[in-house]
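In the two complexes that follow, subunit A is the common piece, with subunit B as its partner first and subunit C second.
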Partner chain A sequence: MLLQTRKLTKVFGTLTACDAIDFSIRSGEIHALLGENGAGKSTLVKMLFGSLQPTSGQIVWQNSPVTVASPAAARKLGLGMVFQHFSLFDALTAAENITLALDERAPVADIGEKARALSVQYGLPVDPNAVVGDLSVGERQRIEIVRCLLQDPSLIILDEPTSVLTPQEADRLFETLFRLRDEGRSILYISHRLDEVRRICDAATILRHGKVVGHCQPDRETPGTLARMMVGDTVAQITRAPHAATGETPAILVSRLSQPPVGPFSTALHDVSLTVQRGEVVGIAGVAGNGQGELFDALSGEQRQSLADTVQLSGKPAGLLGVSARRRLGAAFVPEERLGHGAAPQMTLTENLLLSRHATDGSAFIRKGGVIARDMIGRAAARISAAMDVRKGAEDPPAAALSGGNLQKFLIGRELDRQPAVLIVNQPTWGVDAGAAARIRQALIDLARNGSGVLVISQDLDELFEISDRIAVIHDGALSAAMPVAEATAERIGLLMAGAAAAPGNAGVAA
Partner chain B sequence: MIRIEVTRRPQPSRLLSAFSPLIALGLTIIAGSIMFMALGKNPVAALYSYFVEPLTEVWSLHELAIKAAPLILIAVGLSVCYRANVWNIGAEGQFTFGAIFGSALPVLLPGFQGPLVLPLMLLCGVVGGMAWAFIPAVLKVRFGTNEILTSLMLVYVAGLFLDWLVRGPWRSPEGFNFPETIRFHEDAVLPAIWFASGRAHWGFVFAIVAAVAVWFLLERTLKGFEIRMMGQSPRAARFAGFSSGKVVFFALLLSGGLAGLAGISEVSGAIGQLRPVISPGYGFAAIIVAFLGRLNPLGIIAAGLVLALSYLGGEAAQISLGISDKAARVFQGLLLFFVLASDTLIHYRVRLMRTVKAGGGDA
Partner chain C sequence: MLEAILLTIATAATPLLLAAIGELVAERSGVLNLGVEGMMIMGAVAAFAVAYTTGNPWLGALAGALAGVSFSLLFGLLTLTLATNQVASGLALTILGLGASGMLGESFVGLPGVKLEAVSIPVLSDLPLVGRLLFGQDPFFYLSILLGIGVWWFLFRSRAGLELRSVGANHASAHALGLKVIRVRYLAVMFGGLCAGLAGAQLTLVYTPQWVENMSAGRGWIALALVVFASWRPGRIVVGAYLFGAVSIGQLHAQALGIGLPSQLLSALPYLATIAVLVLISRDRRATLMNTPASLGQPFVPDR
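Right after this comes the complex of A and B.
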């Protein structure tokens, strides 16, 4: 056994995040850690990696009990970790970033050379002299992996590694993982993507509500049986009634939107045109960092346009309007980043409800003289929490106290509660567990079928295929024409995502 | 091996947020006693003159209110700025400019008298403070300058401008060449709250009213929500449709206005004329008061009184025990240090850990 945990437990106040976890990883296996959001995966991994100390229980490393006092100690033991959110400095080069994270001191050039050698050896092309800000997300992930491999770890922990990759990039990552396994290293693989887990993992441990609910061999299971173990019961199947085209004014009409880069590391938008009819869901696929965030900000009005007609919402010119005015036209927005963009982390849920609703629901939520009607907002927040099944530890906790999935349910519910005519969502189910994701996707479809226009920007292709009527692809700030989902295949979308044949505005349909 | 581990609490501790000021007081008393003993003074007598003596006499209670009023008024305005993440360090200058604007009326038009004079002076004081705060606001919003630097530098401009006025054009002709203006006529003097007992003036009432009003603004209104959101999470505030420029203007003008009101109240209520120096550094001490009160206007009332008490206590200890003013300042510093340090306990848990072997590298 490479690593074992014995009754590993972590208690936060009244919440037992990990409850007597027993599991073990053999040398030379890819071991999946599956579980819904809030199931305790992150807490478990943080204890293994030394960033949290267990309340009780034991970690056994190569058959001797150890205390992992810090991440540095974990690295010394031979554990490496690649985080879901990269910890790289945009303004530094790959080699400089790697040097910063190492515990021993060495010249940047030496480390760059070593990194280059390793990257060739494992098929992870990385240019040590490239500035991180200029790299794609896939490339940044490779830097993280190379940085981790430089420490020669026996166990590598990967947290949701494919959430930011194209299908082709993911395949390459898997080859690297197989190579690492064949060298006798072990990999702890955290993912929500059941297909992937079945494809590459040798063993799986499933967590639910902080407890181990099962061990299995993923290739002997179906996605359905895995999901059932995670959620506890069968995941609701998404139902999608056929979409009847309406000849009325489109919900969203974007014509020839171009925009220079807003900051040093942001993407320019080139001549983006897009129509979303009432009643349909349009998906925008693309690898992270290709202008999704910029497009979202342009549509939400956080970044205004210079011409009123560039963006039209429900038939009204909105290009010159700000966020609140666009919301008053019936539009609602859910950004990708929950904490710090969609919600203020230290503010309570009720305050965060007011965040996006003060302009549209002023008559209900704001009394005379600008006084906040706290009782009304409290009731609305309770209604949303009930409708979306938001699980929380207190009546009105700060946003940061909720798990990612539960906060996302609240943020989507906050907008759905208004019955918006237009909904624009960036990454609706990123890092959200299977049960909650199904609920969110169904809610998006239902909203569209009730006559609203829904635009979903997502890096999860399976999700887009599941909910979209039409799919467009964004690459380097240019948007392909939207193709009906029946004509879209993973290969075709994957090629567009990688930038093949993406002359702005005419790719896709012509292909 | 023992190490100290500081971990963030999942939620701030209610118990400790109530008790941390008492813990701070206890630690100050212990550390202060050690210091007084080292100086060869009786610690009990020293602590008595610090914390009790100023509260035993009616006149010194009035002095307490006089000292606390500007501290509270200014700190309340600063709390709005700091909650909005706008770092106004120049309240001292806004205080001075409020005093100058407000004094213009009785100094330049001594013939204009009647019940209208005082309200107009107070209004001019507010406008003066706002005008001085408007400069860093425009510079920040328009050109992206750092308000810490601009507001601070304007303090010295205001101070020198006042100095020039009272030595030059505004100097009293009957003042034997002393650098001061004429004494304000009766209608221009802010009256005492309760004449019979002492000289505490209406500035203290203004301070309490301002604190309650600003508390309501911050905690209960949409404007306050906007300010807090902008300070905590600017990106989310933009997503909410709030404009950062408007918040910067609002926060700086409000705090400038309150500092200006404090300035004219001090001059009109406590001094009675303009002099080269009209403040012992209220504008800077108020920064400490704002943080002692945890940027909560109601907490600031208490913090302002405590800081005013430590000023009076320091004076009392100098007089009755012959402690040097340096020692008095050290003691004041101890108090502030422990208060801020104890507040850490609200958000963090401190534990002594006995580790078998740091690093766990025994594999």
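Right after this comes the complex of A and C.
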């Protein structure tokens, strides 16, 4: 055995991110670590790589127990890691970036030459003199891999390496991985792309809610069985009165929304149509990076449409309107990224409240002559904090001072406080502890039951099953037809997430 | 005649080059020290006082360097250890330096200074045309040229220089790699202080060997501007400093010859010419952005 963990546990406050994890990696295998967001994959890997210290349990490296005190110690043992979010300096060249991370004191030019030779050997061409800021994400990843290989590791950890690659780049990466395996190195491959894992991995460990729920040989499984292991086949069944199709105006009506990619790494949207009736929660499932963020931006007005009728909110055409104008139609939005997008980190909660509400509640929050009505905003912030049980250290702290869960409760409460007719939220409980997540989910259901239309985009299938009346799946920028939650099984949704049935309305056809 | 003019150009350019090359190193590490003028004038008064008292200009130069370093340490304490605003602290340093030097130098006004004489390098200084110009100069001239080359080599050819640039490019990533951000910045700021102090010493030991209040006359600010207009590249700083020196001396001669242009315009010429040339050579916006230290002016407070 190259690496084993024994009852490895990590506790953050009340949240057990990793609960007595037992798994092992043999020499010369590609081992997949599967799990949804929040299943504990990252925490486990950080403990292996020394960025986090376990609360209890043991790491066994080449049959002797070790303490991995830091990433440097991990590198000394022979572990290398390629991060999902790259840690390169844009203004420096590839060779300079590699040099900075090596302990070896050799001239940059020599290290660059070594890197070039190694990169050619492994089929990952890297130009050592290229400035990183000019390179594509795929090329940057190659630099990170080469940097890792220069330290001659026995185990290489890759954190969702293909999430930023084109299919061609991914194929090339796989060939390199096979070559590394043939040299006797092991690879820990973190992913939630099931087809990929089945294609390249020799073994897999599946995590759910911080626990190991299974080991398997991926090529003997189907995407459906893998998905069920990841998601769990015991989905909490919440009975709801079926939403009667009334003749009422829908809360959200999206018709044939298409949009080219807006940036170098964004996904195009293809012919997305969607209806959310008043009184229901519609969930959108999907693997990260399949167009969720783009769809959210299109609905919130951060990306406007070319036709007014493409997006209708409460029956009014909104396609040409910006965010504030859409808010004035009664819509509210909570984006995925809390700090920087949902809230200005260094501004206080009341200031953040005013920022999102000035358009709709200007008369209440701003006095004549443009003076901010601090007392009114303060009262509204206190009301929101009480309603959502926001725990904070000071009366009005900066947004960045709150924990992720508490800030998310505040941001959702900020929108709920308006009683919006339409609420669109992306990843409502990402990185939020279980208690806060339950409170947020309950609040979303309550809002819908009071007659609003709620659209929830999430990568957490359990969550969608718990709160949605209907579920649709987004894959590569195309949205499937929404199916009633009673008809949606984990397997059906998992297949759609893996792209098994691309045509809208063709849900659930087994591969 | 021409040789004499060229010699005065070198003398005018040297303090700018010294101060700017020091500030370049500080800024490349991500620290914007607007106190160059203050450090320079402190170096000038310290150098004059010590040289006058001891009669030894070399001791004066040493005192000027030490004065610059100690002033830069004060700046480092404020902005690096206490993480105060760099712009405000730098301005305070300049104001403090101008005031303190005036007070300390009051009793030296009007006294004859000690000149640091030119050191001719044997044989080489006898070369035709360039001999006297390149090898018959004062020690500050040699030092400034050596520092220009040395800083280029250090920044772009040495591991320590690479680490310094990475600290200036992204202090959070550099910290994550295990680099000592604060220590690197202290050393860079002290180097900046050393160079500014020497630039001041050059003014009172070579340029005009006497002490006059405010005699740095904005040279610290010009050095600061040179760093930015040279897009943080040592070679361009040399070009900029000499260009500025050449046009300043040239316009003085032009005024003496009585060219029919208003003297105000001629006095403005060095500034205009330097800006124009440096803007032209840094037209490549992408390259300029690449060379701009991205965390310039941002205080670094490590996570605890």
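Note that the second predicted complex is superposed on the first by the 257 of 511 C-alpha atoms of A that agree within 3 Å, B and C clash if a C-alpha of one lies under 4 Å from a C-alpha of the other, contacts with A are read in each partner's own complex, and residues count from 1 in each chain.
Please note the rule applied: a contact is a pair of C-beta atoms (placed from the backbone, for glycine too) under 8 Å apart; a residue touches a chain by one contact, two chains touch by 3 or more.
As the structure is a prediction and not an experimental result, all values here were calculated from the model.
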After superposition on the shared chain, which partner residues are touched by A:133: those of subunit B (first), subunit C (second), both, or neither?
second
Contacts for A:359 in the overlay, against subunit B (first) and subunit C (second): which applies, first, second, both or neither?
first
Classify the contacts of A:87 with the two partner chains as first (subunit B alone), second (subunit C alone), both, or neither.
second
Just checking: does A:108 make contact with subunit B only, subunit C only, both, or neither of them? Give me first, second, both or neither.
second
Counting only touches as set out at the top, which of subunit B and subunit C does A:498 meet: first, second, both, neither?
neither
Who does A:320 touch here: subunit B (first), subunit C (second), both, or neither?
neither
For A:100, using the defined touch cut-off, is the partner it touches subunit B, subunit C, both, or neither? Pick first, second, both or neither.
second
What is the contact status of A:72 with respect to subunit B (first) and subunit C (second): first, second, both, or neither?
both
With both complexes overlaid on chain A, does A:376 touch subunit B (first), subunit C (second), both or neither?
neither
Residues of subunit A that lie at the interface with subunit B and also at the interface with subunit C
72
Touch list for subunit A against partner subunit B, complex
12-13, 50, 61-62, 64, 66-70, 72-73, 76-77, 300, 302, 322-325, 327, 333, 335, 337, 340-347, 351, 354-356, 358-359, 366, 369-372, 374, 394, 397-398, 401
Residue set of subunit A touching subunit C in the complex reads 72, 87-92, 96, 99-101, 105, 107-108, 131, 133
Quick check on the complex: what are the subunit B residues that touch subunit A?
10-11, 220-223, 225, 228-229, 232-233, 235-241, 355-363
Inside the complex, what are the residues of subunit C that reach subunit A?
157, 159, 162-163, 165-166, 169-170, 173-174, 176-179, 290-292, 294
